[in-house]
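Before anything else, here is the set of structures, which you'll find just below.
Next come two complexes, and both contain chain A; in the first it sits with chain B, in the second with chain C.
Right, the complex of A and B next:
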């Protein structure tokens, strides 16, 4: 074979490979995919009901509601059933012209029934398959998960995306509820305490916002809202914590990014007013202590804040007045933390990372405690020390009520 | 034979002969045995392997610059040289098949699940064979470029996962009992034994004086990479869920989310890591071809390369009908395999060199 012919054959072989190796057998076009933005998981007693919120790309580009453009819904929701989660997903091919693509799935909503039944199968599906992502956020709803997926949201075209944004924004600015991703949930449930938490999403208001007609008015009939904290033990939901208790969990888990604390104060006429402190930084150290052979905990909270509202006549030039507000804030935080701890003990669930810290600090005793951690935890006392510093007073010092009531004092 | 590769390139070859599959396979194995003390096991394996680096380097130093099998024949006689050559040839060929299958399984699991295995394996073997056909210099240069790329990527990987890292997950120290920590050293130790590839590449080195340095740095950089992945995996996921992950290294990158603009970056990691896998394949295929053609005194390597490549495609496809069989092979069956070829055989060669030293000196004196 002469050199020229050889070169031609090599070039032809290379050109041929560009045809056969273009993604091989996995080639798929964008218009063959159904992009899933949220997934709902329900359980009917014997079968899984999996609901998919699928994005309609053509509708997104033109906007919805009264702003012009199309009246077509930007999302479509449908469900399939199966004895296993993947079996239900397989049946989606019977009704969808496109293949479901989970790479952009933002949230997974579990019905309370599923959460109380347990959902280890779902976690297995997420870790076993390459399509779904372990970073998807998980939520629990008291009713049907499918109904949550059907709701439209103000300001966000795709409610799956909107739900994730609410969770992230709430976590960043209020820190009451955490953003729990699938891998974090798996870590918590497999951890020393075998317990975890999930935020609740529910429909507030009357009726549904499942039709575009709702957006012809300034007020929509119902909204998707975050509320309580679902508590799980050994993979099953055992109860709820209210928002105060949930904030207490955030303090104890050292997950407070920004939040607020409302401090009662006394008005001139003796009625109760409130000051508001915006907590811009907080850190908590939960330390296990062994006293006379019994396990106890101490929580040391250091918080830094700004006074954002003064509801009483206060001369905020005076350090002693500030110190008094700080002490009031410290008392509030301490109460919130104690309420959360008591609720955790009442439910028999350690969602505070107490088991991990006991294991790290007292590895020898842990071998004994781990056998019956539940009873060890439920009898452990918590001592809370809060150090709150109001570093900034905002753009004014004396409160407006102090100025208006000055005459009365004089 | 003309010396062609620098010390740094040799470091890169050794590193790429160990790390690519090690960072994939070691974390779930060591963490499932030693829990959060797995990093101690990896460190222990590195320390335990250090004397072997000196042994391998000493054997390399005894070689006056001849191709490895040719030198063994001249030293121990043709039958012994041929036997060792065949044994090494079989070892490198089997390891090459194992690497190809691991990589093909990974690509099938992660990205190309509908693409038939023969297609993935065929392309991988073809790329490795193409690299080997261009000789040791091409492998060395590619290897060095890939090493530089890996060194540049490591700080970014740590930075992107920084917020997920919790060093407290490594505590309490030495919580796992010592037998378990010791048992967990086996897997990383065996992977480090692949440093013995230096025996094949050392005659091509420009500076024979730096065998120890090349071996040591190649092994230490690999140890560092394995350690980093084990520590990061532990501090991000904790010890409990890692054993259920097939590729925790990829899960680790998969959770990176920087705002909404940097997500799902594992595909970049897979691309970069894939390059290291191709180098590893090329290194082992080169070693297999080298041993076979030297043993059989073939004039050209090309026929051996084509023959072994075709055989590798068939072997890789047929040897493990199920992925779990390959996983079991990696976990358990490789233990005697690697010990015999990477520790036992070099030790036997070392002993043989000591025993024949006097005779060799006399022969040298006679010829002079």
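Right, the complex of A and C next:
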């Protein structure tokens, strides 16, 4: 009994020492954290300049439930510089009262300079450390990344959060630009094509929206907007693709969730009007074909849509009218895809996943192609097959122009 | 009987012999002597001669005007029964014409004149004394070596009321009382089976508390019944005031926060247990009866589960299990996530929580401990204080400790929400003793969560699980039917299937030869009769 008691006491003492010896290693209270919502990366030619957008919880919380107008800025931005990214982050301790916390970082904004220089170091930092997440969205901006972080956003107090929301919502509803996360970028850069894309964010308008006073007006002087698609080859940015081309890239990569197609049509007076088809479902199969020893591709697009706007006098009761609109839409999609393909070939960057599919389908020939993939890709032809079906035409049938112009037509 | 009476004379030497023994063991084992006065005096001395001893001497007209005395303890007896018995005795004592041929007054009284059902002969002073202490009336007959103990137990006791600790919306409203006889009757009234066994015992040298072991022969497992008897018989204590005394003596393992024996105040719950093969231990003086063997999942079953429809019963049971985990884990999870794993929270929630924590001076662990201890104090105060000052406590608790503490910046509002929700969740568990287990474990997990984060909580839960797997209740695995896994018995664990589908009794409780409790194919089906 005595021995048993002693054993229990010894065990209790051992357990107790573990409690006092740890010092609760990485325990950190919520009010000791500086929650970083966005990071900006700039390069001044010899040093990294890292900017942080830090959330001020108290300023945000006081706005909740009350009038919504906060006196204090909900975010603060500051920068540190260093020869390495982590060195710059280290210097943040000399100016921040709280420890920077990257777990909730939503976006990383790269300046175009950094993108053109290459940023393998940044990806390494993301993969090497447990704190920052690899699911952070990446954006490229022409000009200074820090300036992007300084902008306020309408409807969203934390603009870093807001930028991510814009990217996600754009991807879901328009599908022009993809949401590229750090790990996806790394996978693509390390993949067969050694190429990737990043969406662009820029400040549209004049001046900065860096003061809360801007929100006292209905129009704010400048806004953060998504625009083009930055194209990277072997870790370096080589050029831009415009919105049409990047929508083509989305089609080819089968990334279209929902988008729209504008189809030209003819009005009664002979001028051009437009119909709008909202694509609610789309799938693309990009197949490599070997023809006479040369590599070519075929893209098969199946899309399903709703007619959301009819800009010409059309009697939509007639199936041939619908068929005509469908054919117009198919032509539009085909053009968009071809434009993207030729732009990709022009930049010499395979951002369509063409290399992966060729590698998978023809593993034998791939050994030959991979040595000079760039020239194989730039000479590969693409044939597109688009099948668009208008499943619904909304709540009304005949277009309103058809009704108002009935007598003129007869 | 008549044999004893005729051999009355031969008893004398034996009596004297024991009388001589009595010189060194004062009252113990004293046999009655054929001297009424002496017997009465010895009996009164045995009982300490309090004023509650009532002694009435009667003279019978027949039997040579032989005297006999009626003794009972005032307050322990049923007044009406005494009254009826006395009337009968007086009437009988005044009769002369019917001379009895039984020979002795003792036999006459025993056979012909006591208007009470349950009587028995007693032969010694202490036997008579203990009978009186249990509420019997003792009739000491002048020349006989035996007295008669008449069961007139009664006196003031609480009537059958609605149980206060386990209330239901639908179901019987009867509750056990402090009276053992009432309690056994309540069970017998529900289970009218000749196989219902009630074994009586007396435990406690001073209190001599009556205990009944109730089970259904053929359904309860014999080894469990024997083990219950063995463990109760082994108890040596001066007094048993509540079934909790018995529980601590007979449970399988002493050092565990989990209850290894179920208790209930409801006759229907006790009978449900008996029908599934449990053994019920009733203790005189408390409305709480014990049920054993028991499994972990039993504590999440309320008797109402079986009276309500099965769908809502299943839903409520899931809610209870969830509440158990909330009550055990929520504060520790909150501490662990906010101090170690901030990346697990959604951003907006993190920002909101961080804003609430602005200016809070203590670490989350200390904050949680402050609030939890405060709540436990409030709770204890609510239970102990006079009912009339109840509202004062709720005002102080809700306003001063809740709202004011947040406004003063001592604790964050989120912590108040966490602690309140935890507190409410802990009351959902139908068995109070399981709720207490969750409360105690909560504090250990809070320390683990505050020092090692989720890793600590997980380690704590693993130790807890290992501990649970090792527990036995009267030799039966505590986690059954989850571990060891008995698929057939899962119909009454997280979900409660309809009655017609629950054909088997629990395997670890009911006797193996008697597992079926209902016929097959009873699913309601309008076509069954026609087909």
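The rule we apply is simple: the second predicted complex is superposed on the first by the 385 of 410 C-alpha atoms of A that agree within 3 Å, B and C clash if a C-alpha of one lies under 4 Å from a C-alpha of the other, contacts with A are read in each partner's own complex, and residues count from 1 in each chain.
Keep this in mind: a residue touches a chain if its C-beta (ideal position, glycine included) is under 8 Å from a C-beta of that chain, and two chains touch if they have at least 3 such contacts.
Computed from a predicted structure; not experimentally measured.
K.L.:
Sharing chain A, do chain B and chain C clash or fit in the superposition?
P.N.:
fit
K.L.:
With the two complexes superposed on chain A, say which partner A:106 touches: chain B (first), chain C (second), both, or neither.
P.N.:
second
K.L.:
Which partner chains sit in contact with A:359 here, chain B, chain C, both or neither? Use first/second/both/neither.
P.N.:
After superposing on A, A:359 lies in contact with chain B but is clear of chain C.
K.L.:
Considering only touches as defined above, state whether A:133 meets chain B (first), chain C (second), both or neither.
P.N.:
A:133: touches chain B and chain C.
K.L.:
If we overlay the two complexes on their shared chain A, which of chain B and chain C does A:26 touch? Say first, second, both or neither.
P.N.:
Both partners, chain B and chain C.
K.L.:
Once the shared chain is lined up, is A:60 touching chain B (first), chain C (second), both, or neither of them?
P.N.:
Once the two structures are laid over each other on A, A:60 reaches chain C alone.
K.L.:
Taking the superposition on A as described, I'd like to know which of chain B and chain C A:154 touches: first, second, both or neither.
P.N.:
In the superposed model, A:154 contacts neither chain B nor chain C.
K.L.:
Of the partners chain B and chain C, which touch A:35 in the superposed model: first, second, both, neither?
P.N.:
second
K.L.:
Determine how wide the angle is at the CA centre of chain A between the CA centres of chain C and chain B, giving a multiple of 10 degrees.
P.N.:
One gets 50 degrees for this angle.
K.L.:
After overlaying the two complexes, what is the shortest C-alpha distance between chain B and chain C, in Å?
P.N.:
Minimum over all C-alpha pairs: 5 Å.
K.L.:
Both chain B and chain C contact which residues of chain A?
P.N.:
The overlap between the chain B and chain C interfaces on chain A comprises residues 24, 26, 103, 133.
K.L.:
For chain A, which residues count as touching chain C in their complex?
P.N.:
19, 22, 24, 26-31, 33, 35, 37, 55, 57-58, 60-62, 64, 101, 103-104, 106, 133, 158, 161
K.L.:
For the complex, give me every residue of chain A touching chain B.
P.N.:
Residues 21, 23-26, 103, 127, 130, 133-135, 181, 183, 186-187, 190-191, 356, 359-361, 363 of chain A touch chain B in their complex.
K.L.:
Using the touch rule from the top, collect the residues of chain C that touch chain A in their complex.
P.N.:
For chain C paired with chain A, touching residues are 338-340, 342-343, 347-348, 350-360, 363-364, 447, 450-453.
K.L.:
For chain B, which residues count as touching chain A in their complex?
P.N.:
109-116, 119-120, 123, 168, 171-172, 175, 237-238, 240-241, 244-245, 251, 254-255, 257, 263-264
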